[in-house]
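Here's the structure, in structure tokens; my notes come after.
We call the chains A, B, C and D, going by the order they appear; numbering starts again at 1 in every chain.
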Amino acid sequence: MTEVDILGLSGSLRAGSMNTALLRAAQKHSPAGVSVTINENLGDVPLYNGDLDTENPPAAVRELREAITRADGLLIATPEYNYSVPGVLKNALDWASRPAASSSLTHKPIAIMGAAPGNFGTVRAQLALRQSFVWTRSRVLTRPEVMVFNCAERFDQAGNLTDEKTIELIRELLTALREQVRG
Amino acid sequence: MTEVDILGLSGSLRAGSMNTALLRAAQKHSPAGVSVTINENLGDVPLYNGDLDTENPPAAVRELREAITRADGLLIATPEYNYSVPGVLKNALDWASRPAASSSLTHKPIAIMGAAPGNFGTVRAQLALRQSFVWTRSRVLTRPEVMVFNCAERFDQAGNLTDEKTIELIRELLTALREQVRG
Amino acid sequence: MTEVDILGLSGSLRAGSMNTALLRAAQKHSPAGVSVTINENLGDVPLYNGDLDTENPPAAVRELREAITRADGLLIATPEYNYSVPGVLKNALDWASRPAASSSLTHKPIAIMGAAPGNFGTVRAQLALRQSFVWTRSRVLTRPEVMVFNCAERFDQAGNLTDEKTIELIRELLTALREQVRG
Amino acid sequence: MTEVDILGLSGSLRAGSMNTALLRAAQKHSPAGVSVTINENLGDVPLYNGDLDTENPPAAVRELREAITRADGLLIATPEYNYSVPGVLKNALDWASRPAASSSLTHKPIAIMGAAPGNFGTVRAQLALRQSFVWTRSRVLTRPEVMVFNCAERFDQAGNLTDEKTIELIRELLTALREQVRG
């Protein structure tokens, strides 16, 4: 079978982001038949402006849309800001979701995970994110849910995910995403 | 009584935005004792990055926080993108909400309105926005709700709000916000 | 191909409910290969009580679970009460969702529609309902969304849906559900 | 100052419910000037039916509405069912919220808490509940949030809340509710 290409998007721009670290762990521990590429450029995407949303959009937007379109599926790692999706991530998705009925997100298989330092592991942000993907008609997995609470204790000093249970959950998530892609 | 100073924030950066036009209408038709200033600079706020969220944040962030702190209350006009708050607006609020327990948004009186070209008038975006203000402990009005559906037909060619019913609703919203501020 | 059996659930117990009338319209105008049965017994389901959620649950609960299990998919017509799902419907789903990982709702294909007298056509209730089906791992369609606003004007005196556009949308919804069932 | 009378509502009908136990703890540990009465009768409230929502509603409904009207504020303890508010609780609120603009819930001060056996402590149910109280115009506290995760370890064998931190949080919640009532 052909390799399934997954694009990883992180909702955090911090260099030491644990959500980006979750994506690196997904890349390292991906199951057979799955290849994960991490998009490092959400910070280059300008704030959405309908006046710029033309046939000739900003370069970073065009590249994001093309990368999503090329990918077989998305793996999103989101922190929770103000009980919801970070503006950084929402802004990227606002661009990616256009034009409305035939965007890069339409029918795209998507898996969601998230890490937070506190007890509640981004559960609110993940539900808020799902709400946007109803509009885009994306195919979002319901299981497993990967909600990494108390995340600081699950990484080593170098920022590598070391918690076996979380690694296994991420592998299960990618396996489910692979099956979703292969239909 | 002293004048109540309201800061208007628009979730859209489009020059011809109907949400920004709602704020101009609020400015023009504000009730006695209320003065509305419109922030035109959300487009200058950089994408949130925790590494830059130091004691010396980017200038546009510092100015936004100071403007919110100076204001007696906020009037937010939000479009709905992907069934939720635009990334542009969420990103500004992510910066404004920091530091967590003593931010410019803490206990701030807030009124919400929104305009959309379709039938559902930003009701989903407005609810999503309220969710974030639970975390920030802001004091968000529950009434009147100003959900301007089929918005295109309510403005003239020059972008002035002409719909009497909507103008009256906005006046009621500002009156309720004034009372909330005056306690 | 074999007939696809759809079970219709209404969130309203009113005799003249427009949501129940939507289900009758779905039954009458169902596309080829789809048969719709309407469950009339949600009013008999007792309020959920974990102490009664045993291997021998109340009869109405057992019957509801069996009817859902037998059906190839669900068609839910929900009013909006207090910006969310009616307690009547949520209560039925609370029973149907048990036991957690192997309930009648697990992986069940589900289509949602709703009618409301006002402008916003149950959009908030429908999103709230989708949130519950993340937990149950149900397969909820994203399109078409059937949000019947200003519903009173779309029925005749006898309670028959007469609005051609809505009838067509319901047919499209059932067609999409049929395809989801057939995989 | 006069005593502040708080009515406690539990979203669970189980005899051994930890949410009802939270209310008993609130009653036992209430701060000065606060008296908590627990409503034990949500199980008697019939499923909402608009045809019965007349000037002469079912007795249990009339009693619930009168009890809420008499109370200075509500303290709600909610479990989380299917990522949202239990149907039992939503059903009671559907009745209590009628008639729409002048119901027992209009402008009522409300405090929310919740207990769950798992990691996420009813955070989704609590947010869902807040959404309904936007419609009813209730005055819902934003802090403290009382989300009792891993709740089983916080009670003794007899069902008494023994976790000092949770007891203190509940006292703070009732203190904040008292201040909200006193204005």
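Assorted remarks:
FYI, contacts are C-beta pairs under 8 Å (C-beta built on N, C-alpha and C of every residue); 3 or more make two chains touch, one makes a residue touch a chain.
If you're wondering where the values come from, they're calculated on a predicted model, not measured in any experiment.
Counting C-beta pairs in contact, the pair that comes out ahead of the other among B-C and C-D is C-D. Note: the chain lying farthest from chain B is C, by mean C-alpha position.
Rounded to whole angstrom units, the spacing between the C-alpha centres of chain B and chain D is 31. Distance between chain C and chain D, defined via averaged C-alpha coordinates, is recorded as 28 Å.
As a whole-number value, the distance joining the C-alpha centres of chain B and chain C reads 36 Å. Within chain B, residues 83, 124, 127, 131, 134 each touch two or more of the remaining chains. Partner chain B is touched in their complex by these residues of chain A: 12-17, 42-43, 45, 47-51, 81-94, 97, 124, 128, 131-136.
Residues 83, 119-121, 123-124, 127, 147, 149 of chain D touch chain A in their complex. Those residues of chain B that touch chain D in the complex are listed here as 127, 130-131, 134, 137-138, 142-143.
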